[in-house]
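Note that the chains take the letters A, B, C, D and E in the order they are written out, and that residue 1 is the start of every chain.
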Amino acid sequence: MLAYAIRRILLLIPVLIGMTIVTFSIIWLIPGNPAQTILGEQATPEAIAELEEQLGLNNPFWVQYGDYIGSLVTGDLGVSMRTNNEILTEVWPYLAATMELTLFAMIFALIVGVNAGIISAWKQNSIFDYTCMVIALVGVSMPVFWLALMEQWIFAQELGWLPTVGRNNARDPIEAITHFYVLDTLIQGNFEQTITALRHLVLPMIALGTIPMAIIARMTRSSMLEVLRSDYIRTVQAKGSGQLIVIYKHALKNAAIPVLTVIGLQTGALLGGAILTETIFSWPGIGRYIYEGISYRDYPVIQSGILIVATIFIFINLLVDLLYSAIDPRIKYD
Amino acid sequence: MEQAVLQLKNLQTTFQSGRREIPAVDGVSLHINKGEVVGIVGESGCGKSVTSLSIMRLIPSPPGKINSGEIVFKGEDLTKASPKRMKQVRGKEISMIFQEPMTSLNPLFTIGNQLVEAIRNHNKVSKKEAEKKAIDLVKLVGIPRAEELIHNYPHQLSGGMRQRIMIAMAMSCDPEVLIADEPTTALDVTIQAQILDLMKSLNQSKGTAILLITHDLGVVADICNRVIVMYAGQIVEEGTVRMILKDPKHPYTQGLIRSLPKLTEREQELYSIPGTVPQPGSIEVGCRFAERCEYAFDACFTENPPLFELEESRACRCLLYREEEESVS
Amino acid sequence: MSAEPILEVKGLKTYFDINGGVLSKKVGEVKAVDGISFSMQEGEILGIVGESGCGKSTTGKSILRLIEPTAGEVRFNGEDIMQLSSENVRKLRRDMQIIFQDPYASLNPRHTVGKIIGEPLLVHGIGSKTERKQKVKELLETVGLRSEHAKRYPHQFSGGQRQRIGIARALAVNPKLIICDEPVSALDVSVQSQILNLMEKLKKEFKLTYLFIAHDLSVVKHISDRVGVMYLGKMVELANKDLLYDEPKHPYTKALMSAVPVPDPDIKQERVILQGDVPSPSNPPSGCAFHTRCPSCMDVCKTDVPIWQEVAPNHQVACHLYNETTKEENVI
Amino acid sequence: MESRPIATPPHRPPPNTDLKVRSPWRESLSSLLQNRLAVIGGIILFIFIVMAILAPYLTPYTIDKTDPSIRLLPPSGDHWMGTDDLGRDVFTRVAHGARISLLIGLFAISGALLVGTTLGLIAGFYGRWIDMIISRVFDVLLAFPSILLAIAIVAILGPSLENALIAIAIINVPIFGRIVRSKVISLRSEEFVLAAKAQGMKNGRILFHHILPNSLAPIIVQGTLGFGIAIIEAAALGFLGMGATSPTPEWGRMLADSRGFIQNAYWTVLFPGLSIMLVVLGFNMVGDGLRDALDPKMKNK
Amino acid sequence: ACGGEDTGGDDNGNGNNGTGDNGNGTEEATEGGTLIFSRGGDSQGLDPGAVTDGESSRVTKQVYETLIEFDEDSFELKPGLALDWTPSEDGLSYVFNLREGVTFHDGTPFNAEAVKTNFERWGDPDHEFGFRDEGYSYSVYGSLFGVGEDHVIDEVNVISDYEVEFILNQPLGAFLQNLGASYFAMISPAALEEYGADIDENPVGTGPFKFESWQRDSQIQLVKNEDYWDEGLPYLDGVTFTIIPDNTARMSALLSGDIDLMDGLSPDDMSQVEGAEGYSVFERPPNNFGYLGFNTEVEPFDDPLVRQAFNHIIDKEALITAVYGGQATPAKNPVPEDYLGHNDAVEEYEYNPERAQELLDEAGLGDGFEFDLWTMPVARPYMPNPRRAAELIQAELSEFNIEANIVEKEWAVYLEEIELGYHDVFMLGWSGVNGDPDYFLGTLMHTDGIPGSNQTFYSNEEVDGILDEAKRTVDPDERAALYEQAQALIHDDAPMVPLVHSIPILAGSDAINGYVPHPSTSESLKHVSLEN
């Protein structure tokens, strides 16, 4: 298990290096002068030239890449050009905001998706099954941003049930400790604020979680069906175990393996989809951070932002892989 | 006649295919006596597995269903049993092992866990006791190091060992009937010999009746008392091992036996039955073997031959024996 | 027996690397075929039997260089195949063909039967288009199918019919040697005998030589002239079939013979039930590979690899029981 | 054998004369046509394709003729989907948008398919270091959430429809590449490929006559599903202002531009979004159907 | 209230300090409450001199104060941290009397030294608090007071604790006006010392509100400065600036009571706000200029006839209806109305397709042509929806068979490339910061602005001469005359199509009293109060 984990981590190294090359060259290739952006449309050319010099933007590619890797290795993600702050420290609130959102979205997707999938597979070809699968089909076809807009329109603007945007109520701002607001309010014992934080989470969570939910539901159903047809399930039935044991002990664990893969992959989709959801719901997360970085040509922020997201993504997939080997004893020995 | 523990009466099991219902098993009647070993032989797709799964009421539904007939187990018709009752029957009174030892155990649980589950399904015992029982069972099927082995996962075992575990699991509650669906087909001959040996000894020591499904007549000769030959969803011939192997009546059985290359005799050319097994449901009238039969005559294509009782525990579904039947009765 | 052998295999070894460990390095090897030698005369059928995983298929494929062997010599008509360039091997394949076990997997599901059978002709540049068509028809009839079948796709055929198509394909280029890798083990008995008969007929008709791989002893016995028994990558015994079946010498062969159930209630033979399972070829036992299961195992078997020797005319065995020299050496 | 009276020449039914040639593709097609959802999906797609082709003839309006005097009119007989803030007919724009979305999907997916399949074939067939390099590149590309990578690529190339298309093609390359690679690797050890080799075929022939046609099923399925995904991705880029430029009536772009009117003029937001969803739904339904129809597991055995 | 202050000053100060003007009843102003102000984007930084964006000055305006302040709703000057000021005859020196008893939020006193430190920080390239190595730059300072050789402020001398003298090396007509710009606000020298380059996240000024916290892309919290020199002010306990990028979403947040005041109300949503009980709309006086600029160096836009034709083709009224929701006035000059020197006599090119066709025929392009129309990717106060505007213009031009290919670039690339002249025609605008016409004309139309702020590449020696002279002239009337003359010339050359002076709109709850939007986009909220 440990050897397997180490092996998997070592295998990540070339990917990580590849990623840094990609992130770095993306930025290097982007047209536009960051100095101009920093100074804005009403800046003088002299000021721009001066700033370029300071930022070392005139060095050749490999020198800049070398510097970049050099500082990455020491844990230095660079300094945001927009804010002049260390990205490593600055990024946390954004990251936490995104993580809170994606976490909730994933939990939502999992709870709804897995259960819908199980029941659909169990009651194959029932009305429930058909309804669920049609909903799931529509779900996977849903453009996140449109869903988000529609939700906002209907539930926030027309019905006024839930807040339109943001993470908390500006009148009663949540005091950030970990920047996971739900957690923070719980730590502080301010349950009223917990409710506020949760209310703000509902719409973006559903918007972001719908596609993974649909995909998970479909995946759970099909892998459940496949497992339910397998020989060992027949064995379990033949020895007289009850339906619940068949489904929840034997079938689900086996069906979980492909579902886990989907979850790992969907986390990437979530992190990517966050950029859209966060834009619509004014969620100050990493997606917005990168997006703002792009429009300000904030090179270090784009580089590091994308790198952070991609790293999280591959580590989640690593986690999924390790989880496999926890579930599936065959993997350890491979 | 001895007392039958299990009796199938005119069992028909169909599968929905598009709009058609295709009978995979079409009017099978058979019985198994206490402590007896009955073999079912037949070519691939003739309905052997469907018959056995029907007994366990494990036909995947949809698309399959038991259409008609009775499955009488000790006087009780299992086709009418509630799911709860079936849960009791399965594993405790009738148990089953399957062809593929490689895929028949859940790969994600230890052997011990799966054995314990089987034991605790029918016996109110603590986990500890169940585990002890499991170790005993593993020992019973002739695997050394049982204490260690129950902590292993199926993939750590060889095919033969897995099949032994399957047998152990099936024997965990001393069932009255053990259905074994091609238990050795996937195994090598030397391993097959081990498994057959084991089954024989269990049959002798515990008196478990065994319904052995196979397509290997050699296996039948080795272990069975009585043989049932199936062809295209129907029983075509039934009799004791000796009768069937030494004096087959049905042209199909005859052909089958003649087409086997024999280890013990010398032969120039093998006999072969022309043609192939018909798709289930493709023949509506007439003898299902008629197309391949060298003795077929006109009536074979227009009449459905019944199963003629030829002598005690001997029957044959062939119009050639009509007069004989008539004369006998 | 004086003629040049058509196929001569000497010390053939095929190992597969096992990769693993942290950096996916080679951590071991599967000795799938571990030093096999035999030769075949033209027109002969050599059967090879053995338990699953003992390396039968790998032997067959290695001879054709479908799998690159690790070491050894394969002489076909006196020419060492192992030394040929891949282009020459390609050309040589006109003379050596293979029929596979699985009639479902060995035919390209997207090609018509006509294309499947005609393709070898095409790639070897045999005949014009119409000639090839004609040849395909002939071949189909030769193997007992109808010429109209050429337009159909494999999935429209039953297993036995598919195996006939596979045979027709192998025959298309008029090969001299056909390696049959368990051609009947996926088939039902009644169909199996059809195919066996067909193969025998073709052999006579086309003066073929077969290397016939199977795990069913009775099938091998039925069809072969000589039979080799493999165990764990090694040949343990090779003899004329009657000799082998009547007087098996190697303890493994004996056990194997006795384990085959005979469909005759009158024959109740004494079974030699072997203990345990076949060991893994990635970690074969020392000495004689069979010593872990051998009922007549001696000390020497655990340490020394028995040599492959002729103990009787046309009867080769690798077993210490028949090795006077080793015995003596051991005694000393 | 017992001597049984053998009947007069048995008149057997004529042997099975069903010699209808049923190619695997035809069979897949007919099973596709039996799949109700797939047919519905096909109909949806057909409607959108017709709409795309006939877009200029469906309405008397053009996509760019502005008329502030009729801005933000609700749906009516004249304007089936109302008008937008510049007084343009929303239906006309949605219909033209179908053209754009379908073309984006078509080009992005064909590009990705071509490049991905080629790379996948090479990697899977030749193995060794080529496979190693190509696979690592795929790994790296797949390590980025796709939309993020697309955004980054558009940022390099500059926002425009063509560049969005290129970005979407690039992010889809490794998806196709991987599928093809793994399919090729599994096919490489299939017996029929080994048989082809044994018959003395050259690599090129094996690759293009045996491996490629048998890898098509997953490529087709992924192509269909990917088509829908590409349309969503293009719309997402358009929504973020990184895709189509004005006055191109690209759906995502239309959504972004009309976002502010959702309360006053919901139709400007509802219809473009609904169109995206329906087209993608159509592709998903057909793709699912194809998957079932082409799934080799359902056939042969 | 805010009485009792000594209205110092000369002709510029008009002593109108909050009482009277705004009828929102200062007397019954309730104290307390936190105002939630929501806008579309975050501030870039909170060092007023180092930022150019409105979202930053909106906040710094609360924390910092300038020597001279503008009147509440215009660019009229009035005392700020300086009570009065005396220019020398030749316009080369100014002496400022500073307000006494003012302390920075960190407790250090505001005095002449502080003024000197701040100005030197902006003007001296090597100043220790310049933080230029950390990426700081003072670009507005540079464009208003010049950099390097052109630097206008020669010296800043401390005469006494509360008296400071500015020595200029040439007269600068807009000098005092410049000082009113929110950029030149006084930062505590002690804080500069303490925070160093982090000063832009730890603002310490003298203003009515103190900085409390800033969560990037989320919110900025300010709290009341209890020690504010203007007794009794501010009324509010604090101000929170939040961000909701989308205009409509922001409005619904307002209508649901989540926020009190919002910037950037979409004109199409005005009716909603007006229809809602308890909310109203605020209009900000126009102080900007949106235009369609030609690259006068490329064909066919080097031909004034074509440029004039475009002026006749574009229907500003339609533009204003469709894109500005009526919230804009058509522009005929670069300089906004009400500005010193705005030439009202210039006769606007009216919407006249026939005339346009004539001009095009005359230029030999009657059959149409094709060109690239560069469109801004972001909304600006002068151009709330540039894409829509471009689509409209494109549609109008297509009537003349002129095909405009809309080109979109990312904002930074856009700015960079139009400076380099890659474009044919582009859209842009300009916002005033100091209420002075030079900031519009000198930057946009002078040859010195090439390459740089003059992206039309318009170069007319005569205009250059007039603008140079006006810049050096101190007398307002003389300057006005010169600028009017320049505008007439520019109008004839038509290097651009002046589109609009837009009227940005805000919306707020009726609980807000005393809020007066200032033309410069940022206003102090010290007179604002919230009814509970």
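Here, contacts are C-beta pairs under 8 Å (C-beta built on N, C-alpha and C of every residue); 3 or more make two chains touch, one makes a residue touch a chain.
These are the chains along with the protein names UniProt gives them: A, D = Peptide/nickel transport system permease protein; B = Peptide/nickel transport system ATP-binding protein.
Computed from a predicted model, the values in this text were never measured in an experiment.
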| item | value |
| --- | --- |
| Intersection of the contact lists for subunit B and subunit D | A, C |
| A-B compared against A-D, more contacting pairs | A-D |
| For subunit A paired with subunit E, centre-to-centre distance based on mean C-alpha positions, whole Å | 39 |
| Mean-CA-position distance for subunit D and subunit C (Å) | 46 |
| Distance from the mean Cα position of subunit C to that of subunit A, given in whole angstrom | 54 |
| Whole-Å separation of chain centres (CA-atom averages), subunit B against subunit E | 91 |
| Subunit C residues counted as touching two or more neighbouring chains | none |
| For subunit B, residues that touch 2 or more chains besides their own | none |
| Contacts with 2+ other chains: residues of subunit E | 246, 248, 252, 410, 413 |
| Residue ranges of subunit C touching subunit D (in the complex, touch as defined) | 61, 64, 66, 90-94, 97-98, 100-102, 104-112, 119-120, 123-124, 148-149, 151-153, 155-156, 166, 169, 173 |
| Complex interface listing, subunit E residues touching subunit D | 246-248, 252, 266, 268-269, 271-272, 318, 321-323, 375, 377, 385, 387-388, 390-392, 394-396, 398, 406-410, 413 |
| Partner subunit E, residues of subunit A touching it in the complex | 31-34, 36-47, 50-51, 54-55, 81-85, 90, 93-94, 152, 156-157, 160, 163-167, 169-171, 173, 176, 279-280, 282, 284, 288-289, 292, 294-297 |
| Interface residues, subunit D side, partner subunit E - complex | 64-66, 68-69, 71-72, 85-87, 155, 158-160, 241, 245-247, 257, 259-264 |
| Subunit B partner contacts - residues on subunit A that touch it in the complex | 124-125, 229-243, 245, 250, 253-254, 327-330, 333 |
